[in-house]
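Naming follows writing order (A, B, C, D, E and F), and every chain is counted from residue 1.
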């Protein structure tokens, strides 16, 4: 899969000729998707698009891929998973809008000639609207051999990584908003954007197993983080990043290069 | 909350006058949502709307509520969670369509005078499009004191129930499609619709932590169930149903009657 | 057309394997469409989806067809034809929502392999949005030999039936909401859901030949029925049902099996 | 209602100042809606917007109203009612498109200050999408006292007129496409646009009571008219036009001036 | 390109047979698009669809084309270019609505067999929504050799014409709303619709290079015209019309007949 | 307007508390909008969102504003203005999608409490869909005193700047794609992203005054730039940037702080 080194894997920084040249290799094109959303008292609101962009970049360098411009706005923050509407700054698109954005981008990448596309998401709430946008795009592009993968980076966490990052036990992904994982990754990829003096040490959020409208303020701590981020460190961020890069690269290679696609009953 | 007994809690079986009378109590109106979707070799394709309708009925009887007609079609089956497009019969709406259906129904219930609405879902893939439909409806109905709750019944499973239903260990909700939980509940609520000779005993599905398009047939067993349903029984179904009724009723009472709504920062 | 007996013609009660087996015969798949809507002081609000489901079931048994799950919510009640917004319980979808629901269901049935689809409607106001949904679906599925039929059951009433049901003269279909026809059919198919003590004997509604917004309460009787239903009886219901089954079956056989489709100028 | 004579009742021919002046009287604003659609071998394809424009003009002159620009494109021709896709020239909008057009126009008229709006339709297939567009507009404009009426001109035909126009018996409105009524009205309002040598004398169309896709060519005569138009004459057109003007004016006066609006249960 | 003379080039005045006959020549079908919008104290609000209809008619007569019915409603008036919402009568569609109208009309013309379509616009604000509607239509109709052209008539103004029409210097197209160009053309094509006593002589509008919401009343003169129209005359209108006809006809011939289409990189 | 210095004006780099604090001053919130689009052989494809982000940052620092995350994908490249579909990499959203994105972002900013919003665009083709998105948002947010401004940076070019940047004469904005203006600004703001060896010196594009579908390759030079960019320099970029910052800041101050809003006739 590896080829002559490109100047950059970032499509946003390429000229069209560089991109055209990259397309000749039939590369995986990554679409980092995120959100502008509160991430506690210590992290910038761009976390959800900065992290998938950084991870996609590393994976693309491994697999000879290209990283499209990040989708900077995503689906609405839900109270249980990201604090909901209680924190100014969380700026959510309607679900249909997000699906259309993804559909349109994929339609265009396919028009360029891309046949392998990986949506790499960093905002938990985006997933189903991304799925739907991909489905709408697949319906449109039809039978051109296009293959698409959609993943959220934290889904790749291994037991081994969790054991190292959470020596006192993993509180579970449902509390990991602006907490140890995201904070560590930001400390690794964008240390200058972390307010290390403000890393919160709040108690775990205690929300029930359902949602309500209007949402309840008391379901999330005043800080906006769902649990303490005190255990975060740049070293943990590096560790997680390295594992993600390794395992996401492997999955990408497996899905796009090693496996024959099995057509769905159409 | 209890009041003079109604002839039925099912809005579909009420006359308009009975419904008008029920509305005078300011009841919780439940909207059961599901799908027409494959559920293995032994369960009917209506499982996902039959179960929430049955559960909503029991809860409504507890809390003096009303159960609207079930939404019989839901979001598309995903390969990892329900077999995807490989099994004829799974009949999915586009995400936006489902959101609009929910938005419209809520708009109408509010027009009738309902102020407490509970969407009770039985199809895993529906959730985010239900959330979005509710959000669109709340945006429309504005400041009328409407409160909405959205839940999926399996989220209420307790450790205690799981211990009784899965004496050999719970394989996890992600494999519970057409498996022990749904089969037991169907044996309890609709025994005549279960093909007991066909209860599958397949190995657990082994799908990765991401989705691909076109989907892969090998991610799901030929039967369509994600894991063996052999452990199912009517008694387990009764047990689960009783716990759901108890705990969902409690949550409904708590959210709609015991708690003062906290308005979102609007 | 007749084939080895299926356990059920109801897709909702079939397993996916039974449905797959049924599809091998290239059957007509019926989609019953209705509404949740007031039907006078004596009929349940599900009349409009219960009747087409029951009729589709009988026709499917005649022609070897399959009946998909009913579409339980339909277009908005209009004042002149069903009482409009004056009766709590009438729960209408926006027209576009209904069209999308039908489009999506047809798209999925075609994906399953169905090539003969009959939309059998029980809610007068649905018709044009069903037509449009079918048209949108046909545009999408393209040139796969799919043939679709759309009908409303009362359109099949014969002079002979009318003479028997209305010995004193037929007041016309425009007044037949929750009146003799629907009441008789409900007495036949779902006697336990008819409040026989409440059968109304109101005067005929007297609405003009146009619509107005906001609608006028005085255009419809307080009962919600457009004319007296006193003449209804189970025997009349049986008579009508038998004639519908015979004539709709004949039309279905004629359109789907006896006639070569004539392609539209595309 | 009558006031100082305007130069014209046609909004399209007014300057904005004339329109502003007209609005001061709180007039009924008519929106003529039609279609570009085949009308047999003898009538121009604009019939469906020319006739409601002409009728609206006469009514507006009676009641002191204003006639907005005609909506020149409407919903798709159906085979049973207008020949369907078999005749080049019939140019149909999607239903949702038409609803949005009407919604937008009404929103704007209300913004201008209009409070009485009458949609006067000339294309049978438009009705439900007009209804829906009006409903969407009413939802948006909210509680501003706006009142809307929607009518199709042929609904106003009286027994007396029918007796004069069809001395040999009225074949029924379902066959009146490009037939005696429309031809007579065109001979009256736009004689120069009628090809009198081409007035068809075909047999009545013989379509069943349902629709099919793809549509059937044999359901409509080769001429495109659904029945003979031979009985048409300018005198009959004048007669019909006079009756329409009288009775539509009366209905408009009654609905917008003589009746207190009864608010729907909102 | 010239052929046996048709009775009319206006599709709205043709019978379907005449249109079918015209289609045999594979003609250019023109879609005149405009708006109902204020045009100063002296011009009727239909200017924006009357002018492109008149011009399309002349061009169609030159090139053997057909003129479809005008699209009478267009995009919203902007304050800087047409006075915005400050003048009653301007009746704007939402952008998406207009795009759908154009998409639908083109889809239908292509279904009729038209392969050369020219959207001829008369409302400045329409352009991008027309472009988008065309793009949506092209996506749908796919690979059928359809070619579409979209133009706004004033873009064809030559230096020579401007020198004759504006002997004292051309103030620029951005001020030409209800001013010398449109007034002269209306005096030429529809003299009876111009209130010659009301031709305004206001100072030029002085708006900045951006837009604001809510819009500012002071950006446009009270008359609604953006600059004096005093220099208008029928003779200038004739001159402009003749030049448009000549040059638009030449462009149409060049694009549809003289040039081989170059397919976009698809 | 000036206030205590914030750590950053970039909302994406702020924590939610910093943003909340910034909102207390009732600042102008800028939304930079652009596209991922080819910009000749020498510029990266992110130019259209990098430039408005950089300019918004400078203006925000002047006026005490906040810069939201850039909208990284915009409307489709048109052949005449940016090379159209002939250059891989140009990745356009549908117009409606872009309008919805802007509508949603504005809705959310207003929910946060922002009342002064400036959309600062860097992609010519975006304008009308931005306008429409703003209009849709204004319709939704209603009467909350929200004021919005929408501008494209090149509209602020002064004669003086043009004289300095183009000593040999300004070829006109319609050719300025990837040419002297954009290249100079990129050399100033992002010198490391300019391939200075690749600055093109192509002849001016020669496109007519209309658009065609399918588009014509010959309307744009093979390089993708519409005219030579040889005259670009970092110094010119600094000059332009300084003028933009000065004049856009002045316009922003004038519109949001110095002027009383004049409400539109609503």
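As a convention for this text, a residue touches a chain if its C-beta (ideal position, glycine included) is under 8 Å from a C-beta of that chain, and two chains touch if they have at least 3 such contacts.
Just so it is clear, the structure is predicted and the values come from calculations on it, not from any experiment.
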Among C-D, B-C or A-B, the pair repeating the D-E interface (over half the contact pairs identical) is B-C
Rotation angle (°) superposing Cα atoms of chain B on chain E, nearest 5:
180
Suppose each chain is reduced to the average of its Cα coordinates; what separation in Å results between chain C and chain F?
54
Chain centre separation in whole Å, for chain F relative to chain E (CA means)
29
Rounded to a whole Å, what is the gap between the Cα centroids of chain B and chain D?
47
Chain E residues counted as touching two or more neighbouring chains
85, 88, 94, 96, 111, 265-266
Which chain B residues qualify as touching chain A in the complex?
75-76, 78, 84-86, 88, 94-96, 99, 125, 127-129, 131-132, 134-136, 138, 146-152, 155-156, 208-218, 251, 255, 259, 261-266
Mind pulling up the chain A residues that touch chain F in the complex?
11-17, 19-20, 23, 36, 38-46, 49, 68-73, 85, 87-94, 96-97, 100-101, 104-105, 108-109, 111-113, 193, 195, 198, 224
